[in-house]
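Going in written order, the chains are labelled A, B, C, D and E, and every chain counts its residues from 1.
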Amino acid sequence: MSFSSVSIAMTGSGGAGVMTAGQMLVDAAARAGWYGLMGRSLGPQIRGGESAALLRLSPQPVQSPDDFYDLLVAVDWGNIERFASELPLHAETVIISDPVQGPVPALMLEQSPRVIEVPLKEIARSTPGGRVNMVALGLVAAAIGIPAATIEQVLSTVLGKKGPEVIAQSLASLHAGMQAAEPLAGHLRPLAPPTAAGQDRWSITGNEATGLGALRGGVRFCAAYPITPATEVLEWLAPNLTHVGGTLVQAEDELASINMCLGGSFGGVPSLTATSGPGLALMTEGLGLAVASETPVVVVDVMRGGPSTGIPTKSEQSDLNIAVYGLHGDAPHIVTAPLSIADCVFTAQWSVMLAESRQCPVIMLSDQAAGQSRAVLDRPTLPDFHAHRLRAEAAEGDYQRYALTADGVSPMAIPGTAGTTYTADGLEHSPKGTPSTQARHHQEQLDKRLRKLTEFDYGPAWAEISGPPDADMAVITFGSITEQVREALARAAETGLHARLIAVRLLAPARPARMVAALQGIGKLLVVEQNHSAQFHSLLRAQYDLPPLVHTLHRPGPLALRPHEIVTALGALAQADACVAA
Amino acid sequence: MSFSSVSIAMTGSGGAGVMTAGQMLVDAAARAGWYGLMGRSLGPQIRGGESAALLRLSPQPVQSPDDFYDLLVAVDWGNIERFASELPLHAETVIISDPVQGPVPALMLEQSPRVIEVPLKEIARSTPGGRVNMVALGLVAAAIGIPAATIEQVLSTVLGKKGPEVIAQSLASLHAGMQAAEPLAGHLRPLAPPTAAGQDRWSITGNEATGLGALRGGVRFCAAYPITPATEVLEWLAPNLTHVGGTLVQAEDELASINMCLGGSFGGVPSLTATSGPGLALMTEGLGLAVASETPVVVVDVMRGGPSTGIPTKSEQSDLNIAVYGLHGDAPHIVTAPLSIADCVFTAQWSVMLAESRQCPVIMLSDQAAGQSRAVLDRPTLPDFHAHRLRAEAAEGDYQRYALTADGVSPMAIPGTAGTTYTADGLEHSPKGTPSTQARHHQEQLDKRLRKLTEFDYGPAWAEISGPPDADMAVITFGSITEQVREALARAAETGLHARLIAVRLLAPARPARMVAALQGIGKLLVVEQNHSAQFHSLLRAQYDLPPLVHTLHRPGPLALRPHEIVTALGALAQADACVAA
Amino acid sequence: MITTVPEFLAHAITLERESAERFDELADALEVHHNGDVVELFRKMAHYSRLHLAEARDAAKGLTLPHYAPWEYHWPDAESPETVEIDEVHYRMTPHHALIAAKQSEERGHAFYALIASTCPNAEVQAMAAEFAAEEQMHIRLLLDWLKKYPPPGEHWAEDLDPPVSVD
Amino acid sequence: MNTIPCDVTAEPTYSANDYKSQIKPVWCPGCGDYSVLSALTKALSELQLPPEQVALVSGIGCSSRLPAYTSLYGFHSIHGRALPVATGLKAARPDLTVLVAGGDGDGFSIGGNHFLHACRRNIDMTYIVMDNAVYGMTKGQASPTTAPDWTGSKLTPEGTGIEAIHPLEIALSAGANFIARTFAGQPNHVAQMICEGICAPGFSLIQVLSPCVTFRPEQRGYKEQVHQDWSTPVTDRKEAFLRLLDDDGFATGVLYRGNHRPFHPAPDDTLSIADLEKRFAL
Amino acid sequence: MNTIPCDVTAEPTYSANDYKSQIKPVWCPGCGDYSVLSALTKALSELQLPPEQVALVSGIGCSSRLPAYTSLYGFHSIHGRALPVATGLKAARPDLTVLVAGGDGDGFSIGGNHFLHACRRNIDMTYIVMDNAVYGMTKGQASPTTAPDWTGSKLTPEGTGIEAIHPLEIALSAGANFIARTFAGQPNHVAQMICEGICAPGFSLIQVLSPCVTFRPEQRGYKEQVHQDWSTPVTDRKEAFLRLLDDDGFATGVLYRGNHRPFHPAPDDTLSIADLEKRFAL
């Protein structure tokens, strides 16, 4: 899979509008038939802070960032030192720099990229009401070959509400930018022609995809407390839940939001909330109640840099520990993670289905990189399953809410049903739900709650496994960085380095038999994850018997793991001697 | 170590006063020179519920419950089915039953114990103002040979405030009970004579011991929210903190109590709070702040049955997961566990010392069994160390609160110190404390916070290791059940089954080198813990390379693990074939 | 004001029913607290109230009784008179206390009926009330007899050396 | 507002006893909570609400044990979180009658924030607080309604030194639409208040002075202290405040019956998921 | 109460600038919080408090970024928990002057319970709430002080439908000893209020109407709405309530200056640990 993709970073601060320009660029490329991905890097200011739009466009579907940026357009260099490390360049990179912004900072020149000076600001000034970001947009669009008509159309749509004057001014800037693109000719890898025009494609962010998956899974109640980078899940759900007959309540805090969800779910309505690390920390007591009272609920944790308030705007996969182990007592529950932006739809839908089917809480570990990035992708094919909760029918007599059943799941009575009233309880209880301190009841209920999860057939969705069946090397990973691993494996394969991919969607409970099968024949394993303490590796060690030689590639946020790093790690593993386990 | 100990259960309900009788018995035995242990099993009623005083007396120090009860005195049988399983009997057991309470319940007769009927109530009625619990007390005291004068003295002291009439009445009942002991003669193993009279001994509960350890360690601030079974730590601290110049504040909830502790600690005052599972769940966000802002604090979690509200009055070791892994982000911190009631003093003191020295949170995992049991023991020899926090001196200029140092610990400025003002932050920050989203700062600070803990020499206190250096079998455990393991190993050794004991006091961070040494020569390992999902085993797998053959003995509460079960498990391990790992 | 037979019987039925239910409630409470002697007594009292209730119901056969919300009854006090108050019990109470509490409630019941018997303008109601009052009087005498068997306990009857339990 | 009319005159289908479960309370004999249980069942019988249409949510505490003793749908949740659970339930299932019960510790200490915001949200539910000015279940510590000089707790052996809060003032300020106080020693009055609370639209707060005979035996004396001063409710917020400014904590009756719009999420059910998906299409 | 006299007349040692740090605020230009920062430094200079004797605790939010912009000891804690952190600090270190700062979301939404109990505890500290009736930092959602019909948030596109809370009423009810309102557009008045708040014993609440120019640009109009009605504080709780019942949310000045005893733990320091150990000895 060799991409003829192009990766572009546009930086600018103080309302320069690079995010909007980037957005228009992706939109236009999409319309013209390319695939694309746009992430972002933002400063701490609410408005007018330094920001970078991070794009990748390609004729093939693409959800992974590339190793380096091919083109860096600096509308200005404000605070570049704060995020320069997030913008890896190489010798082929073309930097477009505006001379009035001063010389290119030394730290951007370390890889000896080619610098082309373009007086963006001056060009903008040359047209009335000129906009520097539109100049940059025009320049980039022209340089990579986006048809002028398409970009003009997108611009006009996006700025539609602002009135004809603004549109006209912006178009003028755009055209000026396009003209200024000439000096770039020959300096930039050409973007291969689009292939997907007319195909059924979506433009969607991971957070939107999560919201959609939730609704598809049957969620009709949400209680919300905003937190970066999860807020967009909630914001997308607010109007859309209403449209499909559901309800969203803004809660006073996360203690309230999780417990409101439990209330809604107790009422028979599939419920979900979204948060990030600090909010998840506040929800664990409520999640424990969901375990003990067997109340289905889904919590989406869009992970950000931790610990504590950490780095709210940057991605990291460091909430794995709390998600799997963060509840007090023996509290079996389910933890899932989407494997890409697109997969947020499926995994959210599946998570709701699992919660409802197993009558337990599910924590879905999304992350900032997936949640706040927009991808242009083929419309995903999605299963039609949705929430099915085993319900108790109206009955006379002795309804046992927590009856001991073969698979551990007991029919749940929904308020309104006659003859099956009961009291849900977080205290240990008898099968009927009566509080009990007896050893026997405790053991039975602990067994039952565990059995519900371990005896269930999660099917092949537990992980995505691909690659040669005879490989003796595998890469195991989870979450949205799977896309980088995929790309790395494709590249490695081209160099003759074959390895299996095991991308785990179901992080808890463990699936030992499935893992044995997945690891069949594997002698060397590379664990890839984005956190400081190799939490995934530690989880794997605890849950599974791993091959004799295990390497890990782990790094905290905010730097994205790049495909070439994974290829390198894989190369090292291939060379490593199985006797000197790392 | 063969005990000639005697184990006694006294059951009774509705204000029968068996707990007080049990307490008097331990007190008297203690005065007379025996050692002892008293636990309890209680019903869900606040007053007048069924209860059992669970005693063990011995001429040797004893902190483990025995396998069976030698004597069961039933003042009545109210709701015995609820806790019968907590009262293991054997064929040698003597049951004293009062015929007016009806026949001995069948479920107490399964092991064919000897039943002796004694009309306790009638005897009590035969003396004016007679008290049935005092009759039972007299009976037991006489049967096991506690000197009459001692028990009379204790009774008079305890009831002192109630006035001479009550004392006289109680003494009369006591004597009547003593006389009624005659039929027991020959039926009960005699308690070997005391050995410790005159020795420096204490009578103390685990929760009191924890409070004392906290003060010894230097704690001078506590914020408290009551919760069973941790409340007594707080209740002991309330007046005693004041006496030594400290302060206790009752908080509105656990979110407040942990954050108040952070405030106190930020002010330079070593701070601690105590809670149980549900409260700990509410504290994890605050603990994450402690990690990121490097604010020392100690949280004692007196574990009870989980998940959720669970079984508040019963012991379990199921908060290990949340204690070690329950914080969001990469949040290295310390987790300790006392190995016995006596060890609560040391471990609490050590925990304070570690928190202060490492500027991080420490979670100390005590449990209900240790916390709410009283032991008569030799006065522990205790180190004199106490909190030492590396402080910044008054300075001019560029104070860096989070300076990168070799061992990771940076001098902390205490408010009031001139020239070193700074802002503590839960946001990722530069060495100076300025919020930063930079990859470099994040990596540096993550490294530093981890280094503080991993590069520290915890000394031999990390675990208690004993037993033959050439053993090829070991038992590894943590927490207060260590006492049962100790006794089991002593017994096993008598039968020629030798194994090493590794009782881990430091549960996080991992001590790989120390563990390698501890496991030196060990081919077979038995992991013993009191929870449903073998959390300790899973933690050990994640952190350490374990011997080829590992068995686990784990069971949730409320049933105490008994020494003979451990001996049996050890026997099975000895027999097991190393090739068929379990 | 109670003036008609249906009104009177509605009161009598509720009075006896609530009395029986309360005795049962108290018996349940003491059962949970293992106070068997008192449980037995309260069960007995509940039984007697239920006998009365049956009588009142018999008398009401064929009549349409008015509906009152609990707070609309014309009790001398806001609460139905022959109901032992919730806080008159203690887990360590003895049969003596139980009998005193029962006697007091019967006395209130008696007073209620007696007042109607003496003040109600409706002669039929008067007669019925007098009959009910007489029965209550009998109960009171019965209770007084029992009480002789259960002299007041010593002053330490409530003593419980065991501390209360913290259950959560 | 409840859909069942409050003045049912027909032959009752549900007697008070029909709202009780088989489980016997673990409360101390003499505890005021018994009487709240009995009053609740009377109130429900008065309203003739089918038990399966009523949900009773509680937190943790002696008082919070209530649900299991009824034949309603119950949720005995966690300490301090009864109101959010109930809020979610009512928002998701507006057809149900939602009741909430708990103690002063549960509601005003750990649950204080939810109390504030539930009053403010004014969602249609009835909150019954059994106030004994103590944490009964954990052996008698001071709660937010405990007087500053109460020295009965080992945690605050010199008294808390801080003033008790005024829950009714806070409810009134925050926006609760129906506010009443009653006393467990008068179960019929408690029943009446619960009945009126259920029938009132929006958030109804009923503070029940409910003695803890074990840790606050002196509360048996409440009998002599209560005085039914608020026999006519006021509908004006200002007037209600004035009432409270003269309150000694023992006036009973309906303090306030307001006119605030209850929170009522309105799903519009106009689009299908396929419609929503279309918006992502290029 | 502060130990430093409030009427320093000597030549000032500390200028307002001495209370500022080198760190430049990330606030949007035009944000009201700038002016609170400046007012705070003026107030401290007026009081001539040595910076190292003052600690400023905050939660999370735009407003909560304040501490790092000062040269005081600061604790930028977590969302909603500034008051407990400050309470612990003051209880453990009564010698320090403790200030708390934050937003309406931090203080009244997630932090509502601590607000209630901090007022009640009435410990000696000064709480400055920069109220912009919005969650600024998370892109503009409704806060507890947002009007029910504000449709500017994507989370509540039809408005919240619930009434705003009245933080001053709650503070007054709960027991705060000093309560004032001021407006960021009048930094000298803000400085005066802060000064008086610090000097008042017990818990002081200062609500600063502090426009969020980004998400509530209409708040620039506060200028025209505020009116300094509370120029003389009242000391009677009832009178203060009456004032509030007529409040339109824009009256500024000192509402109330009370007489409640501040919470003051009193360590007695009479025993050694060895003494305590003796009690365990047989």
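We take it that contacts are C-beta pairs under 8 Å (C-beta built on N, C-alpha and C of every residue); 3 or more make two chains touch, one makes a residue touch a chain.
Please read these numbers as outputs of a predicted model, since none were measured by experiment.
Colleague: Where the contacts of chain B and chain E overlap, which chains show up?
Modeller: Chains touching both chain B and chain E: A, D.
Colleague: In the touch network of chains, how many steps separate chain A from chain E on the shortest route?
Modeller: Step count on the best path from chain A to chain E: 1.
Colleague: More than half overlap in residue numbers between the two sides of the chain D-chain E interface, or less? Answer same or different.
Modeller: Same, since most residue numbers here occur in both copies.
Colleague: Determine which of the two chain pairs, B-D or A-D, is joined by the larger number of C-beta pairs in contact.
Modeller: A-D
Colleague: Find the chain most remote from chain E, comparing centres computed as mean CA coordinates.
Modeller: Computed centres place C farthest from chain E.
Colleague: Sort the other chains by how far their Cα centres are from that of chain D and give me the top one.
Modeller: Between chain D and every other chain, the largest centroid distance is to A.
Colleague: Could you put a whole-Å number on the gap between the CA centroids of chain A and chain D?
Modeller: 42
Colleague: Indicate the whole-number Å distance between the mean C-alpha point of chain B and the mean C-alpha point of chain C.
Modeller: One centre to the other, that is 50 Å.
Colleague: With chain centres defined as C-alpha means, what is the inter-centre distance between chain C and chain E in Å?
Modeller: 58
Colleague: Distance between chain C and chain D based on Cα centroids, please, to the nearest Å.
Modeller: 29
Colleague: Mind pulling the residue numbers of chain A that touch at least two other chains?
Modeller: Each of 43-44, 248, 252-253, 255, 278, 285, 288-289, 293, 308-309, 425-427, 435 in chain A touches at least two other chains.
Colleague: Residues of chain D touching 2+ other chains?
Modeller: Each of 26-29, 60, 78-80, 109-110, 112-113, 116-117, 137-139, 144, 214 in chain D touches at least two other chains.
Colleague: Which chain C residues reach two or more other chains?
Modeller: Counting only residues that touch two or more other chains, chain C contributes 32-33, 35, 91, 163-168.
Colleague: If two chains touch, include that pair; go through all of them.
Modeller: A-B, A-D, A-E, B-C, B-D, B-E, C-D, D-E
Colleague: Looking at the complex, which residues from chain E come into contact with chain A?
Modeller: 26-29, 60, 62, 78-80, 109-110, 112, 135-139, 141-142, 144, 154-157, 160, 214
Colleague: Which stretch or stretches of chain D touch chain A in the complex?
Modeller: Touching chain A from chain D are residues 21, 23, 50-53, 55, 57, 60, 67-68, 71-78, 80-81, 84-93, 95-96, 113-114, 116-117, 265-273, 275-277, 280-282.
Colleague: With touch defined as at the start, can you tell me which chain D residues reach chain E in the complex?
Modeller: These residues of chain D touch chain E: 109-113, 116-117, 120-122, 144, 161-163, 165-166, 169-170, 173-175, 237-238, 241, 245, 260-261, 263-264.
Colleague: Please name which positions on chain A make contact with chain B in the complex.
Modeller: Residues 43-44, 81-83, 85-86, 255, 277-278, 280-282, 284-285, 288-289, 291-293, 305-311, 313-314, 316, 318-319, 321-322, 324-332, 425-428, 435-440, 442-443, 446-447, 450, 531-533, 535, 538-539, 541-543, 555-559.
Colleague: Which residues of chain A touch chain E in the complex?
Modeller: 43-49, 224-228, 231, 234-235, 238-239, 248, 250, 252-254, 278, 308-309
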